[in-house]
Amino acid sequence: SGNKNQQQGQQQEGKEKLKIGLVFDVGGRGDLSFNDSAYAGLERAAKEFADKIEVDYREPSAGGQDREQLLRLLAENGFDLIFGVGFLFTEHIQKVSQEFPNVKFALIDGAIDGLDENSNVACLLFKEHEGSFLVGAAAALKSKTGKIGFVGGMKSPLIERFEVGYMAGAKYVNPNIEIYSDYIGTTGDAFKDPVKGKELALNQFKKGADVVYHASGASGVGVIEAAAAEKKFAIGVDSDQSLSASEAQRPFILTSMLKRVDVAVYETIKSLVEGNFKGGYKVFGLTEDGVGYAENDYNKELIADIKSKLEEIKEKIIKGEIKVPVDKNEYNEFLKNNFK
Amino acid sequence: MKKGFYIALLRMLAPMLAIVLSALISSIVILSIGKSPLQVFYTMFKFSLSRMDSVAIILYNATPLIFSGLAVSVGFRMGLFNIGVEGQYLIGAFFAALAGFSIKGLPAAIHLPLVILCGAVGGMLWAFIPIFLKVKRGVHEVISTIMLNYISYSLIHYLIADLFIDRSQKLIQGLGSILARTPKLSPSAMMPKLHGFLGLFGLQLPRHVYLNWFFPLGILTAALIYYLLMYTPFGFELRAVGQNREAARTAGISPERVYIIGFLLSGALAGFVGLSDLMSYFGYMDMDFPRNYGFDGIAVALIAQNNPFGIIFSAILFGFLKRGAEGIQTLLGVPRETISILQAVMIMSIVVITKIMNDYIKRLEKKEEVRLC
Amino acid sequence: MEKAVVLKKITKRFPGIVANDRIDLEVEKGEIHAIVGENGAGKSTLMKILAGIYQPDEGEIYIFGKREKINSPGRAIELKIGMVHQHFMLVDRFTVLENIILGAEKSSGIALDEKRCRKAVEELLALYNFSLNLDARVEEISVGQAQRVEILKVLYRGADILVLDEPTAVLAPQEVRELFNNLRRLKSEGKTIIFISHKLEEVLEIADHITVLRRGKVVGTAIPSQVTKEDLARMMVGKPVMMRLDKEPLDVGEVLLSIEDLVVKESSGRPLVNGISLKIRGGEIYGIAGIEGNGQKELAEAIIGLRTASAGRIRVCGRDIAGLSIKEIRNLGVAFIPEDRHRQGLVLPMKVWENMMLGYHTKKDFLRGRSLNLKAIRGFTKNKVEEYGVRLSSIEQSIEGLSGGNQQKVILGRELSRGPKIIVASQPTRGLDVGAAEFVHKELLKMRKKGSAILFISADLEEVLSISDRVGVIYNGKITAEFRPEEVTPEDIGVYMLGGEKGAGEAK
Amino acid sequence: MLIGELLASSLRMAVPILLTALGAVFTERSGVVNIGLEGMMIVGSFWGALGAYYYGPYFGLITAMAAGMFMALIHAINTVTFRVDQVVSGVAINILAYGSTRFLSLAIFNMATTSPHVSGLPKINIPVLSGIEPLKPLVNDISPVIILTLLLVPISSFVIHRTVFGLRLRSVGENPLAADTLGINVFKMKYAGVLLSGIFAGLSGAYLALEHTGMYVEGMTQGQGFIALAAMIFGNWEPKGALWASLLFGFSEALSFRVVEGGVVPYQFIKMIPYVLTLLVLTGVVKKSTSPAASGVPYERGLK
């Protein structure tokens, strides 16, 4: 009964403020990209709505098997909105959201079939390929050697979307560009292997590439390190990696492909606070400013000469004049259509 | 007789002492982050033991560890270190998944055993490589199984992300992400949960609990392994080879034969490890399929000193710690790493204290013996 | 006379047993002092206390008149006490030189100064007229050589008090001579020697004083000139001991074991058994005498199938065993008593009854269906334990806890109880006291009477001569001579054991 | 040119494995099996970054070695003093390393899985060799730790085979009872062997964090502690053997980075190259393994 009291106590306390919970993807806080971006959104909301909400977060075990339990425990303990960071939460949120119809859930990157506005689940989806298209264009514009590279973490349909968008963007600018592409590994560990990330990037640089884009989580640290060592360019991913890089590395980060998970998280919390949370699908593309490329104090000059071109391409994508491919098939079609 | 009672008491006491000692050490860690150790432990026990679903989840957590503990222990019993349970169970799980999703329309009574069998066969096949290399080429099983674990990771990725990926998955507006996973298992290949059975005794489990028939099967398997080891000629041979290979050989036992059969048995047990998750929880195999059961199995087996029944208990202990970690994280905001530390300290104190205790008990028993003769 | 060692009321208890019970011992400087006693009498324990390996529970130790506390082997070395252990304490994979200098290395800076070490050891070799290849690995040298290494280790450390625990158990008579000469020489240099042995003639020959232990207590002391072997044996055992075997006349049957031109090679290709032929008939004991390491072990192992013959033929009851597994050979009726019971004969951590079924665990009477019939096995074990008088507290205890003699009885019970046609007994009495050894001999003679063909391998010449119907001497993988025991003396055979000329005392 | 790059990459990949494998040689030679090396590398990578973050790379290397040694001390207390099963203790060490680094990372950096950036030691060029064109990638701009590691191979070999310490260390792993009767302090020797392995593994972790990547990332050791164990066994318990085994492994990894994707072979099979190659080489090279005779067996004076 003590337990019940405690739970009730927590619930009563919670009634005054909305309780927002977030469960990270494997890797957790400090991955310098995806999870950190989500955390930034959570923090921003916590600050802005300090008197209306209280926030909390959880990390799954290393293998991530307890995702579902963590979601459920948060739901049981009176949380009002619970985020699952990453498409691996798809099935779990689907199950748990049915058990707790009064709790709202937000799923980042994952898509659950058959939702509508009244559902208690919102899927926050990103057009990573659009952002990648832009940084691909930037890479091709900046490359002097006509060779660029891509390093992915674990191969998966999601990471392939980054790769495909990037390649398409580069080819769009320079049809003759040569693109090297490597993946680090075949397990989730590939997202935390900066050693292999660096070696793969180094190899690409040695083969002549002068810009390398990565979509490999914490392994990207190695890619950036390789660029700094070789005095070539790296392109970051998810958050603005110039900001988290070291002083010595910054001059070698051309830009980052921004995936505004922070915006998505923030906006979702905001809608709840303002009482207009809607279920269904929320898409974050270039149009919504949900993806993009980073500009900051460190790379302003680096991209000054190509910025107008990038903006031009961005407009075309938004207008639909350029159709950015999302997978290998569309990419091949894209190549056929653009350069027959 | 009195001494016998005293010894039994000491045996019981050892694990308790170990738990107390590790709790003390962990308390320092908890204090260092400004939380109250008492509250943490109270919450942990309360949360884990006072709720029906927690208890069931602990047993569910323990299920794969029972099998992997058994698999590792069979290796240890014959003097081999099977670090390869990890790879073996992944391959086993894939074989089971393959039989589960590719065959349709069979009645469950046939399909289910078939899928389980495939799991065991997959584990055996993957175990066959290192033991074959050892017996025929003298390759050290520790090296080969470590290598094969890594190879299995890539192989599995190829199988489920390229070859057998579920192409029926749909994207929403071309977005989100499909999973690199196999198609779903046919319903006839899914292991029933224990809810119905327990319901007969008036125990109602919540729907979100996945405790299933693999748990009783694990206990049954442990009993069978115990019987095999202690009451059959082959089990005797296996233990003899493990404890003195030369003497066994001299007695006409072929260590090579024992190694091959024993390792295949270990692999078959490893094949069961992933099935509880696959056939009751996921229903498919994806890149996120649980890892590390093989390594946890090493600790489970050794804490239990390779005793099959001990393995059940140490697996449940691990399941308890895992559930407890979720509880204190959610209810108290204590980082789950605290539990990892507790777990490590607990393993160490269990082995240290049982060691000291056993030495002491041995001495007591010796005294007893002399008086007898 | 100055006392080198004085022990007063030394008591050492092990769990459940008092190994040394208020032992008093005085050893004069420059004497050879023998300690005798049955297995388990506490001889080794007492000496290990002196060497700092065990701590006494009570009692005092005086070394050259000064009271000392020897709390570690290092301290014993400082006091110039050196011990040659019953089981050699050598690092098999090290060279002879490394073994000798280990722990007392000469160095330059942190590096080992091998040259200086070698020089010092070579000086010692010259001084005592030892011949040893310093660069040979210990695993490659013979037992006699290994023992020299042990003695050199002690001398190298400049020991004044030498303890030798059963040093002659594995030596040929000539080697024993050589050892004794060295001991006398050391004695003449003023060194003090404590000597443990089960071989009473030796003790009578070499010792100045004798102390007899029984069940952890000193039961008497003696001066060799005033006692006989029989007296000593009686003191040791506490009752009269029969020193001679009663052997019935030979009544042989047909040839059961026949070996033709057998060659067994090491993996490197060196022949260990190099063309041995022999035939043993039912009811006959064929003894193989020889210094360890001359191929007798490999001969035995080839018969049981542990090694494969690279040439030649072994027939068991007429059947060629080439290509048969050990199990199949055993099923033909071959029993094996291995020389190293701990390594090959027993699974030490297992229970007594488990060891009793080892190798026979698939026999019909031990099975019930496809499972073990534990009741039958335990019953069988109990019977054997009773029949052989194995001293133990329970058949459930692990066999580790039994004394060597009792362990050997378990092996005998196991191997002899199924009416084997052929028995290969390799050093079956090594390390056993007179009583236990006598028991083994009697059992083997019983089997002889029942018509088994027995191959009896031993380094103990007296023993071989007394039990065998025919004796072959093995040297360098060959049988260099064959005798009837009544035709020769141990010294004659000794010549052959050391590779002496053929023909010297050969009899057809 | 490209060959030089390939070799340089092989070397970089081999170094952490080699360092840890050298450590493994010491602990195994003293008769203690240490599967906790992975954990010791983990603490090395974290504490290396931590030390370097506050006081610079030299200090980082020292804290890493100290941290590795501390974990090794726990292992030694468990296995040498209390004589518990060496494998269990190693497993526990790995769990402890994982949990404690994550815990401390959260507490100190407020991030569970990464540290801030840290700088490594200044890179060096090898004077004479750096002029030779084909060698350039191998000798220019390389981490001093690489040089140190390569030097440690002959040094370890010398220590093990040609010093008093080495002789005693080996004797303890082969026959502790014999060593004990000669007045050698068996426990001290075993402690020394285990602690050395911790120091080596800690340094190896620090190499990953400081020299290779410039920060600590959780899981960056990627199981190399286990690979190192394999390399040590493969190298027949000898420093030189460990060198060749590590280089073989590093080489096949570097090779796998360079096999171009998109051919007939799916990329997952390219990722298998290092492991398959090792397995194949092992299968081809049969040799009698000569593990120390008393490896894995706890020692207690007066036990038979």
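Labels for the chains are A, B, C and D, by order of writing; each one numbers its residues from 1.
Just so we're on the same page, contacts are C-beta pairs under 8 Å (C-beta built on N, C-alpha and C of every residue); 3 or more make two chains touch, one makes a residue touch a chain.
Because the structure is predicted, anything quoted here is derived from the model rather than measured.
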Task: Could you tell me which chain lies farthest from chain A when each chain's centre is the average position of its Cα atoms?
output: C
Message: Roughly how far is chain B from chain C, centre to centre by C-alpha average, rounded to an integer in Å?
response: 47
Separation of chain A from chain D, taking each centre as the mean of its C-alpha atoms, in whole Å: 35
Message: Using Cα averages as centroids, what's the distance between chain C and chain D in whole Å?
response: 45
- request: Please report how many Å separate the Cα centroid of chain B from that of chain D, as a whole number.
  value: 29
Message: Quick check on chain C: which residues sit in contact with 2+ other chains?
response: none
- line: Residues of chain B that touch two or more other chains sit at 154, 157-158, 161, 335
Task: Please list all residues of chain A that touch 2 or more other chains.
output: 59, 62, 155, 185-186
- prompt: All pairs of touching chains?
  reply: A-B, A-D, B-C, B-D, C-D
- request: State the interface residues of chain D toward chain B in the complex, per the touch definition above.
  value: 74, 78, 82-85, 87-89, 91-96, 98-100, 102-103, 106-107, 112, 223, 226-227, 229-230, 233-234, 266, 268-269, 271-272, 274-276, 278-279, 282-283, 286-289
- request: Could you pull out which chain B residues touch chain D in their complex?
  value: 29, 32-33, 81, 83, 133, 137-140, 142-144, 146-148, 150-151, 154-155, 157-158, 161-162, 295, 298-299, 302-303, 335, 337-341, 343-345, 347-348, 351-352, 355-356
Query: Where on chain B does chain A make contact in their complex?
result: 46-47, 50, 57, 153-154, 156-158, 161, 170-180, 207-208, 277, 282, 287-288, 290-292, 322-323, 325-327, 329-331, 333, 335-336
Field: chain C residues within the chain D interface of the complex
entry: 48, 51, 53-54, 72-77, 83, 85, 89-94, 98, 101-105, 107, 110-112, 114, 153
Field: Touching residues (chain side chain D, partner chain C) in the complex
entry: 158-159, 162-168, 170-171, 174-175, 177-185, 290, 293, 301-302
